[in-house]
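Listed after this line are the structures, all set down as structure tokens.
Each of the next two complexes has chain A plus one other chain: chain B in the first, chain C in the second.
Now for the complex of A and B:
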């Protein structure tokens, strides 16, 4: 009697086991469904609108778009004002965040146990979790109100630089931790000055890791819309003056989305933005996989 | 240590000030900007559900947005847990180190690379019609739609850490359970989950922290109604989305109230993230 009971029990346990595997596979597939649908939809709807003028001309105004639509033509213009604006803002943010991020990262690596280092590390962690819209608000108060006195590319890049800074600090520290300590010890033993150890040993040997961190942080900020709405506002023309309102690709998408005459343009610009961000992501993963120390 | 080495040390030390200044300045500006709102409304600012920008009868309360943020984020977490947990088991246990697993984890990582505004567009043009078709809400906007999109957005944050933790569960423990005749599912629930529990919880807390601050996708989908949502399919607003929405025409007391909401959001996300990091620190 007892033996039968055990066998029955093991049958139901095996069935449960199989059902659970089925559930795991089902939900895993469900997880990747959105990315396939999103990428698919953007490619199908967006690829047809991408041509040369997409990259070379500024966005049309709503009247041009309305006339073109009424005549059954394709909407003229492109997103050149957004692309140049994004380049300006992101490069400026990178110039501000990368040196300080790397210096702070090296400092944390060099003084691991210190109380001050732990505080910096905790602050970096907290800063990393601050919602980007809150950064936009703060930079509005700092830069838009007191420095440039108008919405400006500079304000946008400050908000994005604050997003980049903690990412670069942590990735620099983590990368440096992976370098064998013997490398540095050898340099110290040879009497190499400290700044040369940093410039000739630490940075070169962790270069691919630092690069990965930088690329990942850039891919994070490229698609940011919310802080730019509060800081750079947008601009119908191409603008290289950092004290003036400037457009960016995500801002243009937002503008197209809110304008019934231009709403068709969202697909190509979103495809471009997402394609760019995902490519950066994949490149940085390649670099880190190729050079990781095992 | 000679002079040049000392200079280098001080140089590094000075470089690390920037993040302190930024963080200190952020708190200072948020608190300073929020003072007029708190001065006018007191603690009532947090509990009041009234948001009325009409001139002369201005009255601002943050409760609708605190409620909106909490409801959408909790909903997003609840929806994402089965998907994130299954993905982690798929990648780190069932199909560990197989090509299928690496394809799956790459795809899930890509979810983190899609800009928020693109999620918003997809939610608006693809998900919203489905919600309308199912008759869940007439316009398809609301807490439920936002919750689903947020759930998709936070899955990569929930899986990345828990994958690592699940892989780290010692093989001896699993083998011991198998040798006693345990099935794979029993090993998962009696060995892996208890061992990896705090790491898994921490990664879900961090994912929840992400959901709290998401702006664009939610702004495009929640319906932007300044009231406490009455049901899952009702419209509402979150703290992040109300800032994005109302900032454009804001000055004076209204701007101060938006900054005060920003301050509250900052405090809430900082607390949630600190809780998550604290658990992770205890692990290592």
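Now for the complex of A and C:
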């Protein structure tokens, strides 16, 4: 077929197109402006603090910071206790939430419309709406008082796992729903038993979706502060014992904020946290774009 | 309805007084159907939408049991063995199925798609066996020359017609006795449809084929015997030629002349 050129009115059409394009670009910029401003601000204020010891050393105490400030030096130490604590708490939370979340999500997908699965779905929705500080309080009662008998990484993980759970459940269910039913039929017609269909067809086919859901849920809980205040408390040193009080990056930010000698450290720590969350988000976007089935 | 049933000696499939309802006490989707299916031939199932063609077809490899409330009465024999007494894995190795829309596994390569039945069931094969099965199955569906260079690419990169032939190859990989196809060409363009039809005619030398089709000319072109179903009943079962030239039941005639359906 020959291309048909539309010549009439081409000038006014062009102008209209240009105006429209301009409006689109303007509003897109307006939407991404806040994120640019935030990251820009963090970079400008925080980048000066970031060096090797920022990643390898624990946070300074207020006296060290005060001395450094008086001498006009950069504040010594880093946020290694926060980074390691965050990793410990988040990994532990993921280990608890992922299997439960995925299995529950599969169950909801497999039993649509059943009373029991509707109840579970409602509970997941309610759970998602529980304020995180309330979760922290409850986990304080359950874990801190009765299990670890002290503020602990484990307690923090439990509260974050509870926050992750509904996100993973729903993302698992939604991902599985996007798999065409014909795929399951194909496997059934080959005589494949039910559990193998789930393990070898459904999960691999929705792998990228499941992974995206997990990464997004992790990026949601990375910045959680309130429940950790009530459960892990904080720790000036690097700690890998899950039954001991543990620091985390958002907890450090809060502590720095409250200490006039260290308040400058909030920028570098926030920059780090923000960078981490953004990276996770970008990775999950990449994965879902690259591995989508269709 | 026995007067409609043609004599088939040594049938592969013998369906006896089969009735199926999707709910206990609900209406029958298939009503008292008795049919013997001839070996190494193509048997077409025709009839207006909702008459029970798919239900009948899926009862043969027990796919209809996916619906939890389904009620099945009657008997189906595969080479004199009761289908409802076999394990579904054994049954479905002997009776392959191809669907309306091509459904290769999107996570698997072309190679793995062909042997998916073995892989997913955890049946181990030697490398030479795997390669042998993949090559013969793909040759059987005339896909080998088109994909031999890209066996390890995803099956979903193929065209719709190629995907459907890949799905037929997947069914053939188990060397089944029977292949069930539910409107296998309704999602394909005319060229791809013609290729699949040629392929089925070729395959009937070694396989018994049962084909649900909405397309009367397709049934006329490639089937040897034909069933006409109406409201769950098997109205007429005869040599395709006879049915098309000289239908015995007025409902068959009405359908074939386009009065309904």
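The definition used in the following text is that the second predicted complex is superposed on the first by the 255 of 294 C-alpha atoms of A that agree within 3 Å, B and C clash if a C-alpha of one lies under 4 Å from a C-alpha of the other, contacts with A are read in each partner's own complex, and residues count from 1 in each chain.
Just so it is clear, a contact is a pair of C-beta atoms (placed from the backbone, for glycine too) under 8 Å apart; a residue touches a chain by one contact, two chains touch by 3 or more.
Keep in mind the model is a prediction, meaning the values are calculated, not measured.
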Checklist entry - Looking at the overlay, does A:183 come into contact with chain B only (first), chain C only (second), both, or neither? => result second
Next on the checklist: A:64 in the overlay: touching chain B, chain C, both, or neither? Say first, second, both or neither.
Outcome noted: neither
Next on the checklist: Between chain B and chain C, whom does A:243 touch in the aligned arrangement: first, second, both, or neither?
Outcome noted: neither
Next on the checklist: Looking at A:16, would you say it contacts chain B, chain C, both, or neither? Reply first, second, both or neither.
Outcome noted: first
Checklist entry - What is the contact status of A:53 with respect to chain B (first) and chain C (second): first, second, both, or neither? => result neither
Next on the checklist: By the touch definition at the top of the document, which applies to A:193: first (chain B), second (chain C), both, or neither?
Outcome noted: both
Item to check | Which of chain B and chain C A:225 touches, first, second, both or neither | outcome: first
Checklist entry - Counting residues of chain A in contact, which comes out ahead: chain B or chain C? => result B
Checklist entry - For chain A, which residues belong to both interfaces, chain B and chain C? => result 193
Next on the checklist: Can you tell me which positions in chain C touch chain A when the two form their complex?
Outcome noted: 61, 63, 66, 88-93, 96-97, 99, 101, 103-107, 116-117, 119-122, 156, 167, 170-171, 174
Checklist entry - Taking the complex as given, what residues does chain B use to touch chain A? => result 2, 4-5, 7-9, 11-13, 15-16, 18-20, 22-23, 25-26, 29-30, 33, 82-87, 89-90, 94, 104, 106-111, 113-122, 124-126, 152, 155, 181, 183-186, 188, 206, 209-210, 212-216, 219-220, 240, 243-244, 247, 258-259, 262, 265-266, 269-270, 272-274, 277
Checklist outcome for this item: Note: in the complex, chain A contacts chain B through residues 10, 13-14, 16-17, 20-21, 23-28, 30-32, 34-38, 41-42, 99-100, 103-104, 106-108, 110, 120, 122-135, 137-138, 140-142, 162, 165-166, 169, 193-195, 198, 219, 222-226, 229-230, 250, 253-254, 257, 266, 270, 273-274, 277-278, 280-281, 285
Item to check | Residues of chain A that touch chain C when the two form their complex | outcome: 180, 182-183, 185-193, 196-197, 200-201, 204-205, 207, 293
